Amino acid sequence: MSLVVDILSAICLLTGSFLILSGVIGVIRFPDFYTRIHAAGITETLAASLILIGLMLIAGWGLVLFKLILILLFILFTSPTASHALGKAAWKSGLKPHGLVNKHDED
Amino acid sequence: MSMDAVDVAFTEAAVGAGISPLLMLATLAIVGRYQKTSATLPSPAAAFILVFITGSLLIVGTLDMPAFGAADAPAQLHVAPRYIHLSGEEIGIPNMVTSVLASYRAYDTLGEVVVIFTAGIGVLSLLGFSNSQNNAYFIDKIIAQDEHKILRIVAKILIPPILLFSLYVQFHGDFGPGGGFQAGVIFAAAIILYTLFFGLEVARKVINQTFIRVLASLGVLLYGSVGLVSLLSGKNYLDYHVFADDPQTAQHIGILVIELGVGITVACVMMLIFFSFIENIKQEEVR
Amino acid sequence: MNNMFLIVTTITLLVVMALALIRAFAGPTVFDRVLAGNLFGTKVVLLIAVMGFLTGRPDFLDVALTYALINFISVIGILRFVEITRKSSPKEQS
Amino acid sequence: MIVFELFNYWIVIVLMMIGFFIVISRSNLIKKIIGLNIFQTSVFILYISTGKISGGTAPIIAENVTVYSNPLPHVLILTAIVVGIATTALALSLVIRIKASYGTVEENEILQRDQS
Amino acid sequence: MRHIISIALMLSLIWLVNSGHYNPLQLSLGAISVFFVVWLAHRMDVVDHESQPIHLSKQLPIYYLWLIKKIVISNIDVARLVWQPKTSMTPHFQRLLISQKTDMGRVIYANSINLTPGTLSVDLKDDYVLVHSLTTDGMEELLQGEMAQRVKELE
């Protein structure tokens, strides 16, 4: 039983690490700000969840588990909001996206 | 992190990541974001040489320092062993940092709290006691202008848990990392979030300015009067043993009250500083 | 065995943080920097959590939670100030 | 290898010198304050790193742990951080007042104004 | 009133989960803290149907289960894009009409768009949401409106 949990947590941690790495490489590689937000998004949703779930599996039943759940909920709650705020602020300040723009009506 | 300083990490996380950049940015918003081309003094090369020489001398100086993590370094030899080995019995709470902060060295901490309080008063006297209403109106207009529907709802959901978390930090400083300093900063951060989305006028209605000014001084007063009570009972200043017969219970009560005083003062001073900064944001150019 | 995976995760997080710093320095706009800062912040939260397990002291989780809270507040706050600054001095838009 | 055991001081010194350099080479007062903050942080790190004991753990009493790091520097720095932010706020408000009366935050321009 | 009770319950739960010390002193301090925060939040006027969506709570879990599936799929898509050459990306903006009536529904919709990488809601104004998408496929999927329909059912 504990071996299964160990393997599961290892899988979660490794996939999470891989996803975080690809996310940040996206942040480095993508051509403009708006596309970079998407790349940052994957490091903050699935990747962070996977790492925290991996830790939860190690932690087992107890207060630590609940604290981890609290952190996870908090990250899932704030990260989309933060990226929305970023996108909106950039849009309002008139930052133009790279490449093609369609239906771009400024207000 | 590798240095085991949980409490310090806690404080730095709360202060360094939260309040300090916001204050810097507030200042930038006030004085304007212009950048002069002559931003450096005439001779950066001389400055660099000076810095380089000083740095090299300091590095040479470190060669005599004790190694990182050495258990026999002078810093570990004098009072530290006593704190580490006896605080569990003498104070009765697991977090040694809190017992040193609020019990062994409570007098020092009183000094620090007074410094924070004084700095708060200094900021208030420099930036004026909210005499101009139109500045506040200006920032409120900006906040009202852009409809942050999503952010507003998210802030609404998040603010109560953040406030509760700060109180949790306040009251669990005995057991884990935390205490009055951190709690005060987190509390103020929640209020800052509120102010940024609902405007200064609304925040002023919720958090009465005069009230928090009084409260900030009451926090220091609470701290000081704890010492006074023990002094009047014939013990040393800030000796907690007057509160109960059992020394551990007495220490516990004393630490709790003192942390409360610290928390109140820090939270109120941080809020006051932030409010007076926000009030000063105005249009320099359009004047 | 678990420790090994925790160490791998830690190293990845450190690499990721370094890469995020590159983006923060490269810019080019202020929003790129804030994005990188936010990314750095959430990775610090994860790093603190993982390190807490690695050192066997889950007390660190409180720090992680605080950092998550404050990181969010400061990112939002920075954006608000950027907006306010741009509004109060429209001629400096770039 | 005694040399590699001193790396914490070197990090401190590098940070300190970065802060120092900013303070003496920039004329913008806000940048100077940022430099002072970096300097301050380096001092914090110096203190904390002296409290570390190899093999020790965070100074919160737990079972099965005998070696703890020194809590004293933690206490000093914990309060110093909060005091630091309060004094930084004070410095920043001074800058705001300087800007209000001199119209600039550049040191050399302020000096020119004073002399003329 | 319902909202105040709900927020008090939520805060108490957070306290209990975090605390780990269940002696009378800590519990009473917790009760005082919860009471204080509820009072302050009430004063701040942040306790209402928007911050405490209890009228939605029955359907929310089902929706979020569906959303998790979506998040996983879109994450894999974006991760694949990262490792592919640049040409496979077709970033663009589009304005979408929102069918949700309440602010809460709109915010849930916009946040769901944000939570799935590859699509990002940039602006929420009047009856439109401005979405930036990394690929045309992602935009197509939003245009088909499964997510919008599901959020609408929540209201």
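Here are a few things to note about the model shown:
By letter and in written order, the chains are A, B, C, D and E; residue numbering begins at 1 in each of them.
Definition applied: a residue touches a chain if its C-beta (ideal position, glycine included) is under 8 Å from a C-beta of that chain, and two chains touch if they have at least 3 such contacts.
None of these values were measured; they are calculated from a predicted model.
The chains that touch chain C as well as chain D are B. Within the contact network of the assembly, the step distance from chain D to chain E comes to 2. Taking the mean of all protein C-alpha atoms as the reference point, the chain centroid lying nearest to it belongs to C. Here B-E and A-B are compared, and the pair linked by more C-beta contacts is B-E. Centroid distances built from C-alpha atoms place D farthest away from chain E.
Once the centre of each chain is set as its mean CA position, chain A and chain B turn out to be 30 Å apart. Taking each chain's centre as the mean of its C-alpha atoms, chain A lies 11 Å from chain C.
One inter-chain figure worth recording: chain B and chain D are separated by 15 Å, centre to centre, where each centre is the mean of the chain's CA atoms.
Residues of chain C in contact with at least two other chains: 55, 57, 59, 62, 65, 69, 72, 76, 82-83. Chain D has residues 57-58, 60, 62 in contact with two or more other chains. Multi-chain contact residues of chain B (touching two or more other chains): 4, 6, 26, 28, 32, 146, 150-151, 154-155, 157-158, 165, 175-177. A complete list of chain pairs in contact reads A-B, A-C, A-E, B-C, B-D, B-E, C-D.
Considering their complex, residues 77-78, 81, 84-85, 88, 92 of chain A touch chain B.
Taken together, the chain D residues at the contact with chain C in this complex read 57-58, 60, 62. Chain B contributes residues 146, 148, 150-151, 154, 157-158 to its touches with chain A in the complex.
Those residues of chain C that touch chain A in the shared complex are 1-2, 5-6, 8-9, 12-13, 15-16, 19-20, 22-23, 29, 31-32, 34-36, 38-39, 42-43, 45-46, 49-50, 53, 58, 61-62, 64-65, 68-69, 72, 75-76, 79, 82-83, 86, 93.
Chain C meets chain B in the complex at residues 41, 47-48, 51, 55, 57, 59-60, 62-63, 65-67, 69-74, 76-78, 80-85, 87-89, 91-92.
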